[in-house]
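Following are the structures in question.
Look for chain A in each of the two complexes below; its partner is chain B in the first and chain C in the second.
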Partner chain A sequence: METAIKTIDLVREFKTSKGVFRALDGVNLEIPSGMIYGLLGPNGAGKTTLIRILSTLLLPTSGDAYVGGYHVVREASKVRSIINLVSGGERPGYGILTTRENLIYYAMLYGYSRREAERRVEEVSQLIGLDEFMNKRLNELSTGMVQKYSLARGLLNNPRILFLDEPTLGLDVENARSIRRLIRRLVDEGYIETILLTSHYMHEVEELCDRVAIIHRGRIIEEGTVEELKERVSSHVIYELTLQGSNGNLDFLRELDSVIGYKVRLSNVPGEARLRIIMAYEDISRVISLLERKMYRVRRIVRDEISLEDVFLKLVGRGLDE
Partner chain B sequence: MSRILDALRPAYARAWVRIRGNMRVKTWLLWEVVLPTIFMASVIYAYHNLDAPRIFIGFVVVGTMMMNFWFNVLWGMGNVLYWEKETGNLEVYLLSNRPIYMLLLGMALGGMLNTGIRSLAILLIGILVFGAEFNAAGLLPATLVFLLTLAALYSLGLMFSSLHLVYGRKGIRINEVLGDPISFLSGQYYPISVFPTLLQAVASLLPLTIGLDGVRRALLLGEGMENLYIHLAGLGIMTLILLPLGIWILNRMVEKGRRDGRLIMRWL
Partner chain C sequence: MWGIIRRMLAVVWLTFKEQSNWTSLPVYLLYIFINPVFQVALYGYIYIAVAHLSGITSPEAAFYMVSGIALFNYIGSGLYGVIWTIHSEREHFRTLKYTYLAFPDLQLYLTSRGLYHYLVGLATSLAMLGLGMLLIGYPMLGSLDTLPNIAILLLIGIAWSSQIGVVVAGLSIYSSEYGPVISESFGGLLFLLGAVLYPVSALPPWLQPLAHIFPMVEWMELMRHYLNPSYIPGDIGGLWTLLVIKTLATIVITYLYFRLVERLVRKTGMLEASLHH
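And now, the complex of A and B:
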């Protein structure tokens, strides 16, 4: 299978007032074409930095990266001719102009004549389902519609490779689902050859991506299909517990050798919390007694199926959004 | 020919957006004409009160008209890349694989047209309300001087936009530092002959000073090309230096921005 994106020992450092911050620390990736590839990691893990380097907007400090076979530094212009980038939560464009006018403008930037631009915008708006919003001003669009508009913009130059940086950031459940369906369709129906998508939503990556890399503190710490990643923690034991009582941190759980990682989420019920815990071996009775010693009441215990979140818990020791 | 048209397409696109955006809210014309007119009126009344010759009315009208372009260069073009970065448009520009100076050219053309409409309105007010008088014989040389002044000014704008790209919000200080002092030095409302010699020498290095003087000589005194060739040559040389220099600096700053992350990282 042809390689769409390849990085070799990619490093990016930023100078800050506190010294040098290494956002990418020797990233090695090889992404085959014809798929949606997910880059999963918490905020600040280096996802956006990597995507900005691959889209030629940022130079690496060292290392190499190739997109569509072209070097991102030495052949930046060729890379730009086959890619596009859509960032979630952004609203590029001019609020006072309509969706159609904004898209025509961008299409002209990509080299279309005015007439060609109008035609291309119609094609893309039909594909994305923007038709009824084309005459609305950009500043009148809802967040979900803006994201569709951004996706439409990302398709105007007919890119082979599309970078999507947190494409459902800030969207409600329904709009996020709709955007995910669109993204899947773009690859399945051959509009885009390869999509590299960053996200910090586990379910999004699990639902959409053919392969996934987990990035943490600028390093790729795991890579494979979602199933492969899950397989790597298949020998582990996962429980979800509903707790009541003492609040605060549960770091004492790490006293147990069996505990690899855990994540706490507040429940909808006041005073309750949900604890997801991953253990190297079955040790739930010791976990419960330790919790009870620390004045927690365990209301419910469920042994759970392995999810991508557990892979992350195992690798990092904490949840993605903590 | 088709390659030239293709290269100019982003400039056309940016100009189109700018003009369309401005035309959507037509009240801009009202505000942007009314405010400069108030200042213009105050100076005209001051001259009137001092029994200054009638020619000073035209003098002030030309100054007000041309100063609009200077402020457009500073606020409409100089800091445009900073705002485009903040709104996420800069990324789109850079990915479009087009030279960024073409976008600025579009910005300049759109700005010139919008400012031109404003200035025309001020000219009409000057003539109809304040009775400014101009010499029709000087129209052609005045137009030439005016166009060359615009070329030099917008080339300067190209350089300012690079500074804004690098210094971000702090770049606004550049506009503040350059706005009023240039307006003062170039003689918006008075001839620079009132300055001490040293200040006159400094002022004469500014394209706006040369442009204002040339247009006034042509429109108010009816001077022809034979008297204005030094103005034309000066502005031409300035444009020939400033334009390539502006493009070079802009390209360097874009590369620097890619290197240090300033192009895309909002916190930088």
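And now, the complex of A and C:
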């Protein structure tokens, strides 16, 4: 299978007031074409930095990166001709122009004539489902519609490789679902050859991506299909507990040899929290007694199926959003 | 080549839409003409008032001042259009990184963003010249024979001033906070040194060499000459030679400088940096 993206010992450092911060620390990736590839990691893990380097917006400090076979530093303009980038959580565009005008403008920047641009914008707007918003000014669109507009802009030049940086960031459930459906369609129906998607939403990556790399503190710590990654924790035991009581941290759980990692989420019920815990072997009775000694009341215990989140818990020892 | 021109025309169209579609066309026209017209009226009346109070009239000095204001309006409009692109696209519209990926060359994009402003500047400068000369009662202007020279000078004016704009835009890429200040200050510097209201010889001797770095002085003096052939600023052939050499030098230096800027911008990630409003 052809390689769409390849990085070799990619390093990116930023100078800050506190010294040098290494955002990427020797990233090695080989992403085959014809798939949605997910880059999963918490905020600050290095996902966006990697996308910025691959899309030629940022130079690496050292190492090499190739996109579509072109070197991102030495052949930047060739890289730009086969890629596009869509970032979530922002509203880029000329608010006083309509959606159609914005898209036609960008199509023309990519070299289409006015007539070709109009035709291309029509095709893309039908694909994305923007038709009824085409004559609205961009600053009148909802956040969800702006993200669809961004996706449409990202398709105008018919890119071989599309970078999606947190494409559903800040969207409500319905809009996020709609964007995810669209992303899947783009690859399944052959509009885009390869998508590199970054996200810190587990379910998004699990739902969309054919392969996933988990990035943490600038390093790729695991890579494979979702099933392969889950397989790597299949011998582990996962429980979800509903707790009441003390609201302190649960670091004391790490005293138990069996505990590999855990994640705490606040429940909708006041005073309640959900604890997801991954253990190397069955040891839930000791966990419960330890919790009760620390003044927690365990209201509910469920042995759960393995999810991508558990892979992250195993690798990092904490939840993705903690 | 046609592909590049088509892209540049799209940028001119965007700039027109960006500038104009907040209101109706008549209101927009009023908006673009009102400031320059009042500006030339202000300077014209200052001359009239001074002449009235002192009893001394100098139509040549009035011509120098009014033509300078009008011509600076042309150069300044385009220059600001180029310089402000970084600020407006990075801070306001958040489009700079996407434009960078789409347009083949950022320097050419910045230059294209200025083109519409030069067109507006030309229209308003003509209005300023007409009104200004009428106000000071100066017998105007050159014959139709000088129009080709004026047209060539207008194009040369775009060439050097847009590239100076690119230089300043390159500086403002590094500072989202001070970008607007840099552009305003630079406009003021050109106004001070560029033979707008007074000849360079009126400047303190230590400032005069600085004024001669830019092609503006030669450009201004030649434009005045072809607007009014009785105005002879010196050796016309020599001024043309200097203007062409300085313009070419500006283009070459800007090209090299901007390649460096682009690399540094990619190194520092400043295409996406923005001031936290």
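Keep this in mind: the second predicted complex is superposed on the first by the 322 of 322 C-alpha atoms of A that agree within 3 Å, B and C clash if a C-alpha of one lies under 4 Å from a C-alpha of the other, contacts with A are read in each partner's own complex, and residues count from 1 in each chain.
What we mean here is this: a residue touches a chain if its C-beta (ideal position, glycine included) is under 8 Å from a C-beta of that chain, and two chains touch if they have at least 3 such contacts.
All figures in this text were calculated on a predicted structure; none of them were measured in a lab.
Engineer: Quick check on the superposition: with chain A as the shared anchor, is it clash or fit for chain B versus chain C?
Structural biologist: clash
Engineer: Check the residue A:57 against both partner chains and state whether it touches chain B (first), chain C (second), both, or neither.
Structural biologist: A:57 sits against chain B and chain C alike.
Engineer: Based on the superposed arrangement, let me know which partner A:77 touches: chain B (first), chain C (second), both, or neither?
Structural biologist: After superposition on chain A, A:77 lies in contact with both partners, chain B and chain C.
Engineer: Output check: A:109 vs chain B and chain C. Expected answer is one of first, second, both, neither. What do you get?
Structural biologist: both
Engineer: Output check: A:90 vs chain B and chain C. Expected answer is one of first, second, both, neither. What do you get?
Structural biologist: In the superposition, A:90 contacts both chain B and chain C.
Engineer: With both complexes superposed on chain A, which partner does A:153 reach: first (chain B), second (chain C), both or neither?
Structural biologist: Both chain B and chain C are touched by A:153.
Engineer: With both complexes superposed on chain A, which partner does A:198 reach: first (chain B), second (chain C), both or neither?
Structural biologist: Touch status of A:198: no partner.
Engineer: So in the superposed three-chain picture, is A:168 touching just chain B, just chain C, both, or none of them (first/second/both/neither)?
Structural biologist: A:168: touches no partner chain.
Engineer: List the residues of chain A that touch chain B in one complex and chain C in the other.
Structural biologist: Overlap of chain B and chain C footprints on chain A: residues 14, 52, 55-59, 77, 80, 83-85, 90-94, 96-97, 101, 105-106, 108-111, 113, 153, 157.
Engineer: Hey, which residues of chain B end up touching chain A in the complex?
Structural biologist: Residues in contact with chain A: 6, 9-10, 12-14, 16-17, 20-21, 24-25, 87-89, 91-98, 103, 258-261, 263-265, 268.
Engineer: Could you please specify the touching residues of chain A with respect to chain B in the complex?
Structural biologist: 14-15, 52, 55-59, 77, 80-81, 83-85, 87, 90-94, 96-97, 101, 105-106, 108-113, 153, 157
Engineer: Report the residues of chain C in contact with chain A in the complex, numbered from low to high.
Structural biologist: Residue list for chain C touching chain A: 3, 6-7, 10-11, 13-14, 17-18, 21-22, 93-95, 97-104, 263, 266-267, 269, 271-272.
Engineer: Along chain A, where are the residues that touch chain C in the complex?
Structural biologist: 14, 52, 55-59, 76-77, 80, 83-85, 90-97, 101, 105-106, 108-111, 113, 153, 157
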